[in-house]
């Protein structure tokens, strides 16, 4: 049921956030397949769908919300497949793919971090768990993508990847506890996550390395 | 309950399809371990069991059919372990492993694609979901195998790997909707999937690459 | 309910075993991140948490004990995060990390093998399944760790990795069937598993390779 000012998993606002994140990650995964792995159309669309649907599947398994929405709801499957086909049709023509790939990854990360936190709250997990669930949902698809193409995932190598997802989810959880409307909180959380991620990429910021080690290579 | 002419997950026909697929993938995973990774007996049997049981576990998680049949039913564990031991005992003596590995992979793919679709229908998912579930079940074990030994999985690199699994599952779902007996449909679906896969391997067919890119390397 | 002489998943003894295993694997995963992958603090703590919580998550998915305890119970999250931060703070100062990494991995393997078997029995799975569940729980975290950093997992390459976990879980299951107290059985099982693992590492023992192949490289 949709309650005024409250975003739950049945509200159109939640669906819009989650499907937009799905579309962003489908484009991202498929463009990654074109650029790094030079796959054919099936490989491109498959990697796009895994990237788009993976984070939500892990989230729903952890919440015992099975079968996962990304599998049982045809809208997710359709959006992911369309995203993969669009990327396949236009991706080969783009001269530089690195920037759109990075922006789409940051967008998916941000949208899934907030939608994951909202779904966690909706299912009644604790506040810390909702923050972590948001972060897992955000980083899940990209981690699956990187493992499948044999790369060490960005969540391990990039200092500002898990952190912005945690911050974005935290904004949503705090706003919920404060009784603030979740939709503005979700938008603010997503924008904050997106901005931190871009700052990290732009200035190549890593979190500090272990004390006592010489500088990281 | 077994209804005449209908294959559900309680029928002997379903069990035969699923256990044969399990055995084929156990042999395949173990022979892969011998050929590519040169593992000892524990590694050989372990990779065989992961390959044999992985697809069904993912299928059962997505269906919320937990604990997964491949874990809770001793017949699956036994068939997978025996397959791994048989491959270990005889695999080192075979001169060429590439052909049996490929044929067993195609057999497991085909049998799991149809058994996955049948189980999806039996659990009441939609038609599109049943087709996709069949494909996920078919490609799941081999994908887990390839990730564990550090290879980019065949579902991404091989044009005709996901496609035949989708076609095989589609045959089962259409036959079910048409009221045709599922057992003949399952056999036809598996044979069609197997044949398309072999044609793809024989003629090294890839699906088309992205437009605008020079030919794939 | 805690029954005298019986370790179930609600008993303090079970919790102590499981949390100690979690802490050992968090230290292990984080030290591995420092040594092999030279990650920053976020990567170090993230790999520690994945290693610490991964095996229990797979166990709870297989048992349909969802949401997994390692996600829903804040003690697991806290212990895993603290372990990762401790390893980050002190790991860079240690001259040699190989030995503590190996010992912590063996400790986590042993503790999770017995706690996984106990949880399986508590949830009423069969004896063979409880043994295999213990082994999966033991090897799960380390396998996830190795896949994420792009290594072939120890469960495939190291002859005495899955075997000691199976033996440790077997001790617990047999003791339970014999009506012996589970806490002493769990301690004996963990010590036996730990000892076999160390013997394997010390003497570089591999299980035999396939007959007919020249010696493994």
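In this document, chain identifiers A, B and C correspond to the written order of the chains, with residue numbering beginning at 1 in each.
By our rule, a contact is a pair of C-beta atoms (placed from the backbone, for glycine too) under 8 Å apart; a residue touches a chain by one contact, two chains touch by 3 or more.
Keep in mind that this is a model prediction, so the values were computed, not measured.
*Asks:* Does the chain-touch network form a line, ring, star, complete graph or other?
*Replies:* complete
*Asks:* Tell me the angle, as a multiple of 5 degrees, of the rotation that maps chain B onto chain C over the C-alpha atoms.
*Replies:* 120
*Asks:* Measuring centre to centre with CA averages, how many angstrom lie between chain A and chain C?
*Replies:* From the centre of chain A to the centre of chain C is 29 Å.
*Asks:* Indicate the residues of chain B shared as contacts by at least two other chains.
*Replies:* Within chain B, the residues that touch at least two other chains are 61, 66, 147, 150.
*Asks:* Which residues of chain C touch chain B once you look at their complex with the stated criterion?
*Replies:* Residues of chain C touching chain B: 61-64, 66, 125-126, 128-129, 132-133, 143, 147, 150-153, 155-157, 159-163, 206-213, 216-217.
*Asks:* Would you pull the chain A residues touching chain B in the complex into a rising list?
*Replies:* Answer in residue numbers: 33-34, 37-44, 46-47, 57, 61, 66-68, 71-72, 74, 77, 88-89, 91-93, 147-150.
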